[in-house]
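These notes are about the structure you will find just below.
To keep things simple, chains are lettered A, B, C and D as they appear, and every chain counts its residues starting from 1.
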Amino acid sequence: MNPVNYLYLAALLFTIGATGVLIRRNAIVVFMCVELMLNACNLAFVAFSRMHGNLDGQIIAFFTMVVAAAEVVVGLAIIVSLFRSRHSASVDDASLMKL
Amino acid sequence: MENLIALLVAAPLLGAAVLLCGGRRLDRVGHLLGTLLAAASFVIGVVLFADMLGKNADDRTFTQHLFSWIPVEGFQADVSFQLDQLSMTFVLLITGVGSLIHIYSIGYMEHDERRRRFFGYLNLFLAAMLLLVLADNYLLLYVGWEGVGLASYLLIGFWQHKPSAATAAKKAFLVNRVGDMGLSIAVMLMFTTFGTFAFGPVLKSAEEHLGGGATLTGIALMLLLAACGKSAQVPLQSWLGDAMEGPTPVSALIHAATMVTAGVYLIVRSGAVFNASPDAQLVVVVVGAVTLLFGAIVGCAKDDIKKALAGSTMSQIGYMVLAAGLGPIGYVFAIMHLVTHGFFKAGLFLGAGSVMHGMNDEVDMRKYGALRKYMPVTFVTFGLGYLAIIGFPGLSGFFSKDKIIEAAFAKGGTEGWILGSVALLGAAITAYYMTRVMIMTFFGEKRWQPDGEGHEPHPHESPKSMTIPMIVLAVGSVFAGGFFSIGDRFLHWLEPVTEHSHGNAPISATTVTAATMVVLVVGAGLAYLQYGRRPVPVVAPRGSLLTRAARRDLLQDDFNHVVLVRGGEHLTRSLVYVDHTLVDGVVNGTAASVGGLSGRLRKLQNGYARSYAVSMFGGAALIVAATLLMRAV
Amino acid sequence: MTQLAAAATLSAGTSTGEAFQFWVLGTFAVLGALCTVLMKKAVHSALCLAGTMIVLAIFYLANGAYFLGVVQIIVYTGAIMMLFLFVVMLVGVTAADSLKETIKGQRWLALLCGLGFGILLIAGIGNASLHHFNGLGKANAGGNVQGLAALLFTNYVFAFEITGALLITATLGAMVLTHRERTERARTQRELAEQRVREGKHLPPLPAPGVYARHNAVDIAGLLPDGTPSELTVNRTLRQRGQIRDVSAEALGDLKALEQRSAERLERPEEASK
Amino acid sequence: MSFPLLTATAVLPAVGAVATAAVPAARRTAAKWLALLVSLATLVLAAVVLARFEPGGARYQLTESHAWIKEFGVRYELGVDGIAVALIALTALLMPFVILAGWHDADPQETGSSRWRPTQGFFALILGVEAMVIISFEATDVFLFYIFFEAMLIPMYFLIGGFGDRAHAGSDEHAAAQRSYAAVKFLLYNLVGGLIMLAAVIGLYVVAGNFSLPEIVAARANGSLHMATSTERWLFLGFFFAFAVKAPLWPLHTWLPNAMGEATAPVAVLITAVVDKVGTFAMLRFCLQLFPEASKWATPVILVLALISIVYGALLAVGQRDIKRLVAYASISHFGFIILGIFAMTSQGQSGATLYMVNHGISTAALMLVAGFLISRRGSRLIADYGGVQKVAPVLAGTFLIGGLATLSLPGLAPFVSEFLVLVGTFARYPVVGIIATFGIVLAALYTLVLYQRTMTGPVKPEVSALPDLRVRELAVVVPLIAALIFLGVYPKPVTDLVNPAVKHTLSDVHKTDPKPAVEAAK
């Protein structure tokens, strides 16, 4: 098997995640889809790392995880406070930017 | 001595500047100052004249270069003067008659609170007119040309509170501008053809038939257009009648004696150009002949004394233009008639002014009558002017007009016969309408009545300041022609400038004179039968079709009104509409459609984060696609 | 350890075993991802995502990223996904859970973009010449963790430090965002009652759920006098989830059965047959 | 290093603008005097520039050159030729009169508000415009020019939109709406032009590699810089469009009547006499020199547009009911003459066009400012609201008439010289165009005299019977302008001497020589 398949898998997962972000309204699920996209990227990084034979790809994936963790913490906090004020976790309800 | 030429112009110019800028402080002495400066200019003119007489005939051209006016690569316009016999004649006429009319105006305008300004304008006119005749190139002439137009505008509209005066002034300026357009095109043509527009080289080149016949014809026709505007020749004659709205001294000076003859000056001055183009000369004589009859017919029908005289002026200038169009046979006679006409027509106008002065500014001749008893001096001077204009033997008009008629016959061929007959017919009509004016004004029963407020006019003789100029002019009207003609003095004087040739007349001079006498008697007799034998009705009878048309200036104004004024109004109105709706509309339409489009696009901004995410995602996809495509290519 | 060493050697190429593992687990990963997107309930989505992440962790290990694989399981699946679950519980359920689309054309556009993007990515990968794999044998020679550490504390030390600052900031941010300080006095019961009177709705307390002793659970609507259930009696969350049990029919059936039994006992066949 | 005279001339009004803006709210009069003094000082500096400039010397004189943005080869390069000197002198000359004429235009209507400082703002903006206009005339770096060409719009926008004419037929709200419409229209038109020019400026950089006008011209002349025909044409069009909007040329003119109608008279003068001149000046300096072949290629179309401008502007002026809009349309007609002169590509035409810029500035200033005094007295811009003013205020009427006569190019007043030169220059190469343009002088007489007749003559209308005549301040504005008109009409030699060498250079840039007379005149 060609390890390129990992990249195809990563691309597939990324696309699924992105589509999910677009069609789900529950902010939490949207968030999960974002995580899915990040994980897909990580997979690609790891595969590239193997391809190039050095560890920089893994380092990047590591950083991605850290940043994702920070992002999740803040993001979830935002969702919680949003829910408190609006009694809803729908991303469509936060549409004050509408003209 | 030559350096005095600039002073000729400078003196009245100074007067104009001082009087117009001086303010009310000068109100009490303004008229005297103005008259003094006009007289000073006359004195300088006389001094120069004396100097000129002292020289040989070939040596009589004085020049004075003042400064370089517009120096541009390949284009040189100078302020420099040229005083030759032709200019000298004009200088003396302008300053002489001008000074007299200044004096006359002191009395005539005595009760006008804006008398100072009136004298300022008169001085401005003198300066411009002198510039016109003294210029040594066409561009400087153009300055004077428009300058007299401006002075005429200001003076016609002097009583600005009268809407009719303001309108007449505007009309005069506008019609003149059409003529000016011709002059400027002529100058441009000269420049592109000869690279210069100074009299000397241009006329010399024309004499040698350089530059091609068509171009010279073009220049000549454009000059003729200019002359038509200034000299009220058909088809640009319509302003002169209205110009009578101005004070009478103005009518006498500008619209009879001097300014309106500038066209004749222009044609005679540019004689070489016209000589080189027989086609243009033909047009000139046709214009002259048509105007001659046109003015005369209009003059027969007018009841307004000044307008009748205006028609007469038009007709007399028609004579001059006719003569000028005949070429070297006629130039001298055109100028001679111009000078004598300057005397008698100015005198007639001053007389008319004197009559109006005594009649509470009434201008309708049907309300005059029997004034000879009340205004003897005016009657006599006016009468002498009358005899002069109709060509009574021995008086000025007799000599000058007779020569023109002779010259017209001398043109030769069918042309000569037609022109000569027209000139003769004109003489008959002149005798008719002038006799009519004379009879209606001074003879018969008194016809004036109290006006609406019960003021009955008390006709009285005018003050000395008015009568003396009239007397001087009357003397000129009587003797000038004889003085000029006997021994061909005038001819010899002008010949170096204008050249002269004798045509081969098909009929003898005596026959012409006899014929002139006959038509004179016929014309005057007819008028006597019509107006002298019967009382003149106070209200004008309806009259024949021709009379009614003539009263309306042969429908020229109606034509102008319908075609030019109405048409122009419609044109401008529709253009304003076009500018607003079409030109601006395209712009506003673009703005509106951009606004509409953005209104649509705004809907994309629906506030849903997911919609934005879709566009981001789509954008990312496009970028990926573009990257791949670039790599593939 | 031997297994890991074997995997390390495998990193250069792929064995049949890895291929088998890829195809089987890859299928699961994709399924998990799809379920994450398509599951109606957030809890289910979270669980599916966790599954996918575990599969990914295994793939990391298979690719020689041992440290990341372990971290993926411990930090991601263990901590972050649990955080998700906590929040799901905290927030409860809303109408947002419905999969019904409300923005016109959104779904089609999303699918179109997703499809296009996926095809482009895959096409891009397919176009790239990625046939030569170096393998991590050399890089991992001193141990994967040691190798990472060596890079992290030399080349990437600055980024690493910044990451620390980021994490601290994120922690503080989360606290600030979720912390709620009462800025006003809590309203008394009296004030609340007055407000209800002003607004003119539900003057009395909401009706209690449950009808009979055996069905007084919170998910059973109380019955109105005509026997229909009143939604008001049920908690909002349950209502939105559609978890109301309608027991009215059941109760009537029970009543009927009771009457039947008593009729049989009292030997009144006409009533029983009725 | 010598004293940077050109920079000083531009910086002085800019500093003055800042200083004027900083004057405290209560010291309104001090701000006015400060602005007036600064403008007079600028006039002195401009006079020094004029004195130091040698007409026969190098093409660009008093040059300054400093590196600015090295990455793009943008330099701070200043230098003046005769045309620029003449226009700088015009700008510096007009400013004191503009300020003096607008002395009360920006007085706050209600007193007492302490923070709002309209007066300071008004005069500061005027000085700011002056600074930018002067530096636009001086810049020989295309990019530098472009910056100030565009930056001018900002103060102009506020001057038009913020300080409108108080004489308005409608309500205050209506007036405000009209004003903001005019200001936005002005801004949008000029911005569109400017953006297209920006594209062309960038294109020029791509082709030429730097922005320096003398360098590019030299490189094109010695053949080291080759420009494809189509490239040159596109770049030319980009530049020309911006200048044609500014100038303005038909059919891009419709912003001008709005802007001039709604702005106060001094600001209207600023627009038409100063700011718009940058457009025609830039045609002469940039379009012709940078793109000689394209200029020749476009000449027929431009001549036709200029002709349309002349006749159309004049006809529309006849049809106007609003005094200021009438003057605006007259200006459109005059700009047609200027552009005609530039693109006739003869010495007479281009000298005439330059002279025309100067003369039109002065004559329009005279006419417009007197019209402004008249309007401020009666409080109406409609011609129909006047009549018989001559009787009540003879000096006002007289100066108005002189301004009008200058507009109709009466010989003896300055505009005649330039108009005739333009006509002759055009006629020499394009006789038909010259003849049609000559119709413009008849139409000019028509609209001017109709305006004068309807406002100044006739019976005195009751509303105008108490109008005061010109005051001392107003006379101080009008009299010098009229004196300048007469002086330049009688003795334009100083200006033509200044301009002639520059025009010669420009003509040699476009490889054109004057048409020779058909025959050598007899001596």
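Assume a contact is a pair of C-beta atoms (placed from the backbone, for glycine too) under 8 Å apart; a residue touches a chain by one contact, two chains touch by 3 or more.
The shown structure was predicted, so the numbers you read here are calculated from the model rather than taken from an experiment.
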Could you compare the number of C-beta pairs in contact for B-C with that for B-D and name the larger? B-D
How many angstrom between the C-alpha centroids of subunit C and subunit B? 103
Chain-centre distance (mean CA atoms) for subunit A and subunit D, in whole Å, is 61
If you average the CA atoms of subunit B and of subunit D, how many Å lie between those two points? 37
Centroid distance [mean C-alpha coordinates] between subunit B and subunit A, Å: 94
Contacts with two or more other chains occur in subunit C at residues 103, 106, 109-110, 113-114, 117, 121
Which residues does subunit B have that touch at least 2 chains other than itself? 606, 608, 610, 614, 617
Going by residue number, subunit A touches two or more other chains at 18, 22-23, 25, 91-92
For this entry, which pairs of chains touch? A-B, A-C, B-C, B-D
Can you tell me which positions in subunit C touch subunit B when the two form their complex? 103, 106, 109-110, 113-114, 116-117, 120-121, 123-124, 127
Contact residues on subunit B for subunit C in the complex? 606, 608, 610-611, 614, 617-618, 620-621, 624-625, 627-628, 631-632
Help me check something: in the complex, which residues belonging to subunit A touch subunit B? 18, 21-23, 25, 91-92, 94-99
Provide the residue numbers of subunit B that touch subunit D in the complex, in ascending order. 20, 67-75, 79, 139, 142-143, 145-147, 150, 153, 157, 160-163, 165-167, 169-170, 173-174, 177-178, 180-181, 184-185, 187-189, 191-196, 201-202, 204-205, 207-208, 210-212, 215, 568, 571-573, 575-576, 579, 583-584, 586-587, 591
Note: in the complex, subunit D contacts subunit B through residues 185, 188-189, 250-251, 253-254, 312, 315-316, 318-320, 346-348, 351-352, 388, 390-391, 398, 405, 410-412, 416-417, 420-421, 423-424, 427-428, 431, 434-435, 438-439, 441-442, 445-446, 449-450, 453, 456-460, 490-493, 496-497, 500, 503-504, 514-523
